[in-house]
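Every chain is named by a letter (A, B, C and D) in the order it is written, and numbering of its residues begins at 1.
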Amino acid sequence: MIMNRIINDPDLVVEDAIEGYVAAHPDFYAKTDNARVLKYSGSVKKGKVGIITGGGSGHEPAFLGYVGKNMLDAVAIGEIFSSPTAGAFLEAMKVADTGAGVACLYGNYAGDNMNVKMAIKKATAAGVKVKTVVANDDIASASASEKEKRRGVAGEILMWKIAGAAAAEGYDLDNVIAAAQKAIDNCRSIGVGLSSCTIPAVGKPNFHIEKGTMELGIGHHGEPGIKVVPIETAKEMAKTMLDPIMEEGIFEAGSEVVVLVSGLGATPVMELYIYYAEVERLLRANKVKIYKCYVGNYFTSLEMMGVTLSVMKLDAELKKLVNLPACSLGLVQE
Amino acid sequence: MIMNRIINDPDLVVEDAIEGYVAAHPDFYAKTDNARVLKYSGSVKKGKVGIITGGGSGHEPAFLGYVGKNMLDAVAIGEIFSSPTAGAFLEAMKVADTGAGVACLYGNYAGDNMNVKMAIKKATAAGVKVKTVVANDDIASASASEKEKRRGVAGEILMWKIAGAAAAEGYDLDNVIAAAQKAIDNCRSIGVGLSSCTIPAVGKPNFHIEKGTMELGIGHHGEPGIKVVPIETAKEMAKTMLDPIMEEGIFEAGSEVVVLVSGLGATPVMELYIYYAEVERLLRANKVKIYKCYVGNYFTSLEMMGVTLSVMKLDAELKKLVNLPACSLGLVQE
Amino acid sequence: MTEIAKIDNGTDIVDDLIVCIVNNRDYLSEIDGAIGDGDHGINMAKGFNICKHRIDGKNLSLAEAFETLSDSLMEGIGGSMGPLYGSIFAGWAEAVQGKKTLNSNEFKEMLLKGLSELQEISSAKQGDKCLVDTLIPAIESFKKANESGKTFHEALIIMKQAAHDGRESTRNLVAKIGRASRLGERSKGVLDAGATSCCLLLTQLIDSILKRII
Amino acid sequence: MTEIAKIDNGTDIVDDLIVCIVNNRDYLSEIDGAIGDGDHGINMAKGFNICKHRIDGKNLSLAEAFETLSDSLMEGIGGSMGPLYGSIFAGWAEAVQGKKTLNSNEFKEMLLKGLSELQEISSAKQGDKCLVDTLIPAIESFKKANESGKTFHEALIIMKQAAHDGRESTRNLVAKIGRASRLGERSKGVLDAGATSCCLLLTQLIDSILKRII
């Protein structure tokens, strides 16, 4: 099993990467009692609601890269593309609690749901109050009538940004949860995959995308999309992806939105900007105003090629919160 | 020519990407009279030395991503992997000049050298004082005795950071140039390539790396390395790359350094951290202290897999300058 | 006259389960590779090996050994397999708490408790092409055999066959859950990885109990 | 008795050069693809097409037309080809400034001026496997023919052969500069792209001049 990767033991990539993160950024990360949990090493005000998440590895800078000032307070780290353990979620809950409770904001995946559920039971028993928001921004993963089945994708970052800002502003747990819920309720995402990726411990591609085709609606781990279609130009792709987002009916002429364009890993950054220019044009034609945008590799899937588009509608509260400075490896904002 | 890319016309990827950058980040970029030159849109103090660079596209966030506060004031943008025109360099020189002259800090490539040389002639004629530093940090591209032949790679970012800080601190042109020159003289880099990349207008891979092998010392455009060897573990790679850097003889026990680990594009971020952890261990064993580190996709080569390692030795002045806050898309520092 | 199994050596019983999973690491990954992501053996072996380290040299009751196995999966691997198999083994552990022997009824209760713990966290149904396609028919056949008066031994043999048939049944199913569901109709024609690991585990467990019936 | 060429129609002469490069776009890229990055035709055609737009419909002197070509390359494509060919054509433009006709000596001066402009920015030598492997022997052969008393016509024919031979000589060279140098010994056996475009350009130029000798 020869792979052109920069790793040591394929079974220990997560452990080894965590070592690197902690060595490189002591200003962001502190270890905890659980080797798969990192907490923010900066100062956190007592009485601030704790913001945590957790998820599989391979999506860097998600999830751990969003630990920081006015962002996440702790993160539970899973194997590649695999939920963290209940114990890791529990530890993250414990270390993030300053007495005001913890908002656990994660994505809607079977493993995460099970592990968070088990963790909450134990956290509650240990006196830590935990409430959750389960991101389900990926419109490709289920129809609007089965919204509770939809997966969480890059919109999670906007949810963390909003919740991190809300907590920093002194919101209590219920209000942090309400803000995070509003952020994700106001957010719709869709992705397109142009190539597969290889989990080091497996050593061969996770799935296959025929050359000359693209998979519309692909999930962050290669979950099935809506359909496989011949590859399109950036302009066509932008329309193919934005149309179903607009059909959700929450973005009207006059809406102000945040746009997040994230590469899936191997797509060159310049292509993300070519794509963004098309999205911007289309939204302008729809009279939807881009209040703020993020373009880059924010939520990846190892070395997949492709892009995800997330659009979040703003109101006065979300505007204020999205503007608050933040400082984490994955997102810095002055 | 079917490619799984996110582009419109393969011959216009640079134009299209620039549109996206300008649309997304008006707080960073302003257009100029030359479509291939962007300047910083923030306020720049009159009398500050202008800092510019230029280079081929496909290295994003380099070069344009380093335009910003206390960083670059303007950038000349070339075709993919191809020098900007003399006219673009000239325009960048003109728009960056506030009267104190311009430091043009670029990499040692035949095309860039020729085009900068021609631009300076015209700039001088137009009354703009320009001095240059030509980055040559890539130890793999020529022996120490032919240092003037060495190419510039990711160390350029550190050179820009230092020069941007020096200019912000009010250094005059000669002193900005001296600081930039010291930065690059104190810096050594080497890269390793694990896979090739495809220039959209060409449509097929630029060169080839056999599966199971890696090319030590590869250049940012696929220039020949020192040798092709069987793929190594991250630990071995770190040693293979750090050894020749240490052999340059400028880093001693007790030295304080900046380490910059950059992915070449498609290497997952977690692997960069696995690699960093090994570099950190080795430097520690050599009693070299990492004063600051940068790990991420700072200087890429489209969707190449691989990593570059840059190490810059610090003195009191460089320490002060490297610590100054900076804000650009590619590098934000509080 | 009622058959009972001596289960005081929990470490040995669980160790046999570990050996069985670790030996089939590559086989299980290969099956998962056909329509999944090829890591089922890796995931399972990782969790079971963690248990191996924890029980080695210890003289555990079956309840303790099952609990260690459950914890190893839940705390060691996470993902879906951690909670799913972790719940099953936690249920088993609870059911055999304090017991040094098991009779047919007690074994049935143990199986049912594992299933109900699993169903607390997973809504997977028979026919979804997953591990319950082995688990449910195996348990039901044991229950039926037990309730129709078959001996412990006979019921175990029947259950073994049912586990085997359950695993085989997944060959013709279209995956409804998990990664394989991305393939739709194309997921037909091959075994499900979880159903296969479940069959291996149940078969090994049955053999261990059969050996211990006195 | 001395032959002279009427070169008052600069637009036509440069237009023929443009057609020649644009028609060979894919061929040149293919050659560059063997040991380079496969974009030589793309780069050249891009620059020459920019010139096409600029001269179309205009009645330019040869000096003006060469200058436009030079600017189109220098300002339109950058890279290395922009300055390299841009310098050659800038030298040519300067040498034919104000001229409506060219004799053999003047043509020689033009070639030499182009070469010296090129050498101002490139230190490439014959044998490096690049465009000077065509350019230098072609110029030298013309110079020698001219200085040994050959007619303008005869000297151009000799130069055409030398350009062709120069291009062919690159087949057996190991690349010392440019991207092809990454292949070392493996760069042997195929033509150099720049030497090929240079041969195409010189051949077309020679044909244009031959046609215009009166």
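One rule holds for everything that comes next: contacts are C-beta pairs under 8 Å (C-beta built on N, C-alpha and C of every residue); 3 or more make two chains touch, one makes a residue touch a chain.
On a predicted model such as this, the values are computed, not experimentally measured, just so you know.
For the pair subunit A and subunit B, there is no chain touching both partners. Greatest Cα centroid separation from subunit A: this falls to D. Centroids of subunit A and subunit C (each the mean of its C-alpha atoms) stand 34 Å apart.
If you average the CA atoms of subunit B and of subunit C, the two centres end up 55 Å from each other.
One simple way to say how far apart two chains are is to compare their mean CA positions; for subunit C and subunit D this gives 77 Å. Not a single residue position of subunit A touches two or more of the other chains.
Looking at subunit D, no residue sits in touch with two or more other chains.
Shown here, the protein chains touch in a chain-like sequence that does not close on itself. The complete set of chain-chain contacts reads A-B, A-C, B-D. The touching residues of subunit C, counted against subunit A in their complex, run 29, 33, 37-39, 42-43, 46, 74-80, 82-84, 121-122, 177, 179, 181-184.
Of all residues in subunit B, those touching subunit D in their complex are 11, 56, 78-79, 81-88, 110-111, 114-115, 117-118, 199, 201-202, 204, 206-207, 221-224. Remark: subunit B residues 2-8, 13-14, 16-21, 23-24, 57-58, 60-61, 65, 194-195, 209, 211-212, 214, 231, 233-235, 237, 265-278, 280, 293, 295-297, 300, 302-303, 305, 307, 327, 329, 332, 334 touch subunit A in the complex.
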